[in-house]
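First chain A sits with chain B, and in the next complex the same chain sits with chain C.
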Partner chain A sequence: MKLKMMYSFLNSDLKNIEQTLEETVNAESSLLHEASLHLLKAGGKRIRPVFVLLAGKFGTYDINKIKDVAVALELIHMASLVHDDVIDDAELRRGKPTIKAKWDNKVAMYTGDYIFARSLELITNIEKPCTHQILSNTLVELCIGEIEQIKDKYNFEQNIRDYFRRIKRKTAILIAVSCQLGAIAADVDDKVHQKLYRFGYYVGMSYQIIDDVLDFTGTEKELGKPAGDDLRQGNITLPVLFAMEDADIRKEIVKVRETTQQAEIERIITLIKSSGAIERSLKVSDQYLNKALDNLKDLPQNRAKKTLMDIAKVIGKRNF
Partner chain B sequence: MLDTKDKVAVVKEQIEEKIRHPYLLKYIQSPYIDEDKVLLLVSILDHVNLSGDKLKNYAITTMLIQIALDTHELVTKEKLDAAELKNRQLTVLAGVYYSGLYYKILAGLDDIHMIRLLATGIKEVNEHKISVYQQASEAVDILMDSVRRIESSLFEKISELLDDPNWSEFVSNLLFHKRLMKEKVLFLQGGSSVVFEALKNLLFPNSDYSNACTDQRHVLIHTCDRYIESSKRMLEKYMSKLPMMNELLAHRVQAIINQHHPAGNIFVEEG
Partner chain C sequence: MKLKMMYSFLNSDLKNIEQTLEETVNAESSLLHEASLHLLKAGGKRIRPVFVLLAGKFGTYDINKIKDVAVALELIHMASLVHDDVIDDAELRRGKPTIKAKWDNKVAMYTGDYIFARSLELITNIEKPCTHQILSNTLVELCIGEIEQIKDKYNFEQNIRDYFRRIKRKTAILIAVSCQLGAIAADVDDKVHQKLYRFGYYVGMSYQIIDDVLDFTGTEKELGKPAGDDLRQGNITLPVLFAMEDADIRKEIVKVRETTQQAEIERIITLIKSSGAIERSLKVSDQYLNKALDNLKDLPQNRAKKTLMDIAKVIGKRNF
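What follows is the complex of A and B.
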């Protein structure tokens, strides 16, 4: 079953969220409005709002309250994408020109900062202090994660713990917090929102590991960039770390630089694949997925729980 | 009890401590902390009924945002080589990091109202920054209003905590005055001034900024001077309405005002 079909019962609320997203970026400046909408209309899975809504179903579900959390988190994600495209000097996102490519870096920076401000204006409709403590801490962690990623580029001495800490900050924490804050906005017990946090965290870890595997197993058409591009950019991911346990493969990998030719990258991909690193990485991803599912066990039986389980399983099996 | 000078020093020191990130500072320039802005914040907040801790944290968080926005101003547009690109990447992240700290500090104080107030300030600043950058203003007055709001939106949020509109007017004129002075110096020294570029586009839309002739340059400088002089008069007016202003700020404002020499004088001296 396709991801969107799984949560089709949320469609009217997701439509409501989409509308609020558009209204929220309705800037006075036509350029700012156009740039924000450009990003919004490029689509995206809206996976964070989905997690917020599903987590909210475990408590008193008031869409007007929960919506503020869902929209704010999606806006934070959007703001980070705009800034990331400047960081990565990226021309395309989801097959469309990035804001920095369509306009320039200045417009991208102003748009990212504007969207960030709008998200905070919105989330402050939630009067619970813990919401802000959790979210603000997450934002700082996310940023530290990105700084660490730059710091660790081409650092072939890093270990698996460094990798896990980085992907926690980079991906898992925002999914975890989406689940947790959705539940908090719905006034659930502490135990429930903590379990949902852990569910999101483990799903996020699993998701990122698969993403990192796909960089080696996907085709250029599927990836939208050449296979092994993450490695060429100096991002040392789990398959690479596993493969480097073999001293001969390690010798080849540590030579990789941004200027390394694609033919050489392809040769290294073959070495990584032959080392069993892909299967081992997928096994770790599965372990995270099982931990995610474990955290749902004690939660009340409802449609949201089933959907969270289904989504987790799809993420675990995804090809793209 | 700390005096104003000590309070400014404490706030500045704590800002330096918050933004100290060894890896970032290895690659990007250490952020500039505008002491005039710290003095302004401390002076305003001294009149709000706040605990010493809150005063300090409001000043720190407002300055963190200012530093975050200033840091993002340093993000360049051109294609760069790998080493320069790393500097730009970390400049983007530094700005994000500093603005995250503002949220984290105020969230730690459960101060949701102030988080919202300052977020609205960030929103307004960026609305006007893009308008000036895009050269979207249809008249000089509109352009200058945007420049004024870029400089003052955040600080006006703080002055609104006082039930005295004279403070807001004072803040807005002081920061506007300082910015125009800075832009004028940039222009006179042949540098790139976003305000003069927008002004030039409004007054002489058919000629290049870089090739402005002497007459055009004089008109641009005189136009800027008109707004500087006007903000100076307003500053004097509102200072007289704020007799409780501390001496340090009053002296500093006087010094800033006295720095300005209208273009006529410069040309006479040059002539």
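What follows is the complex of A and C.
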């Protein structure tokens, strides 16, 4: 079953969120407005809003209360993508030119800042102070994760713990917080929202590992960018770390630079695949997924729980 | 009298703020920590914290309550400077290498993001919801101001209204909000904090105009960067707009590009000076200053009021 089909019962609320996203980035400045809309229209799975809504279903679900949380989290995610693309010199995202490619790094920096500021405006509508604390901590972690990513680029000495810490900050926390804040907005009790947080955290870890595997197993068409692009950019991911345990493969990998030709990258991809690193990475992703599902066990049986389980499983098996 | 002497009675509180600034940017990541400290140690007048504290003196002044507001506003200001320097390709600030010069644009972007996120963490300590709303609106305005500045670069068709709108967003609002939030943190009543807001707003306008004049009248040593650098960067300020009313001078100015040699910039500075544009700009700055002082008239007589008046006057006459 396709991801979107699993939560089609949320469609009208998701449409509402999509509208609010558009309204929120609306700017007097035509440049800002155009750049923000470009980003918004480039799509995305809106997986964070989906998690917010589903977590809210465990409590007193009121779309008008929960909507701002969903929109704010998606905007924070979008803003971080724009700044990410500057860091990674990315020309394409989901097959479409990035803001930094269509305009330039400076416009990308300020569009990110702007979307981010707009999300903060929205957040002020949310009364619960703990929401603000959780979100600002999340932002600090996101920033530290990104700067660690800059620092760790082409650092072939890093270990698996560095990698896990980075993807935790870069991806897992924001998904965890999506579940947590959705639950908090719906007055779900502490024990349940802590379990939802952990569910989101483990799903996020699993999700990012799969993403990093896809960089090697996906086709250019599927990825919207050449295969192995993360590696060429110096992002040392789990499959790379596993593959480097083989001294001969390691020798080849450590030569990679931004200027490395695609043919050479393809050759290294073949080496990585032959090393068993892909299977090992997928196994780690599976372990995280199981931990995610474990955290749902004791939660009340409802449609939201079933959907969260289905989404987690699809994320674990996705090949897109 | 020197600016710092005017508020020496705030010294112990300002020292407290300085310490909190350092503690707040403390990061696990050594790169982030180093870059943030570099910025902090480069100094600055800390004029926003001073305004916060002085505004607080009109109410129930409690340094522990008001401190977070002061630190958060200074951090937001610092974060915006770091991103500014990326936009302006600035190599020097206050005579010291900028973060983008010492590291690069990417590190500057994320250091700005990080300082900014840290300021948000602090803000969550402040209980009053209106503080959060005011701050997030301010951030949106700051971003719009910056993006307008990018858009208006080398746009010699813009008018004085464009300029005023830009400096309002870029400078005046943050100073206005410093006064306002300091007052709110000290439970000053609405009428008084609105007057303080307007005082800050007009001081901010006056301050930025003087800043823009100094780009032409200051020496390289005073400015910490070559004279006329704003113009070379394409920032069309009030003296430039006034000077361009003379068709002959306009013809010379519109040729300016980033690559224009310093000798040519110096020649244009002489033209601008000869046009009377400097005096006219200073007069406008004076008018704003008078409006600022007007807003203090009806406030209770106290040391803070006298100090605000003194600071405003020094800002209006500053040549540093």
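By our rule, the second predicted complex is superposed on the first by the 320 of 320 C-alpha atoms of A that agree within 3 Å, B and C clash if a C-alpha of one lies under 4 Å from a C-alpha of the other, contacts with A are read in each partner's own complex, and residues count from 1 in each chain.
Here is the rule we use: a contact is a pair of C-beta atoms (placed from the backbone, for glycine too) under 8 Å apart; a residue touches a chain by one contact, two chains touch by 3 or more.
Just so you know, these numbers come straight off a predicted model, no measurement behind them.
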So, after the overlay on chain A, do chain B and chain C clash or fit? They clash
- prompt: Regarding the shared-chain residue A:120, is it in contact with chain B (first), chain C (second), both, or neither?
  reply: both
Contact-wise, after the overlay, does A:258 reach chain B, chain C, both or neither (first, second, both, neither)? first
Check your understanding: Is A:151 touching the first partner chain B, the second partner chain C, both, or neither of them?
Key -> both
* Of the two partner chains, chain B (first) and chain C (second), which one does A:137 touch, if any: first, second, both, or neither? -> both
Both chain B and chain C touch chain A at residues 27-29, 31-32, 83, 86-87, 105-107, 109-111, 113-114, 117-118, 120-121, 124, 127, 129, 132-133, 135-137, 139-140, 142-144, 146-147, 150-151
Within the complex, chain A is touched by chain B residues 21, 23-24, 68-69, 72-73, 75-77, 82, 85-86, 88-90, 92-93, 95-97, 99-101, 103-104, 106-108, 110, 112-113, 115-116, 119-120, 122-123, 126-127, 129-131, 133-134, 136
Seen from chain C, its contact residues with chain A in the complex are 27-29, 31-32, 83, 86-87, 105-107, 109-111, 113-114, 117-118, 120-121, 123-124, 127, 129, 132-133, 135-137, 139-140, 142-144, 146-148, 150-151
Counting only contacts in the complex, chain A reaches chain B at residues 27-32, 80, 83, 86-87, 89, 104-107, 109-111, 113-114, 116-118, 120-121, 124, 127, 129, 132-133, 135-137, 139-140, 142-144, 146-147, 150-151, 258
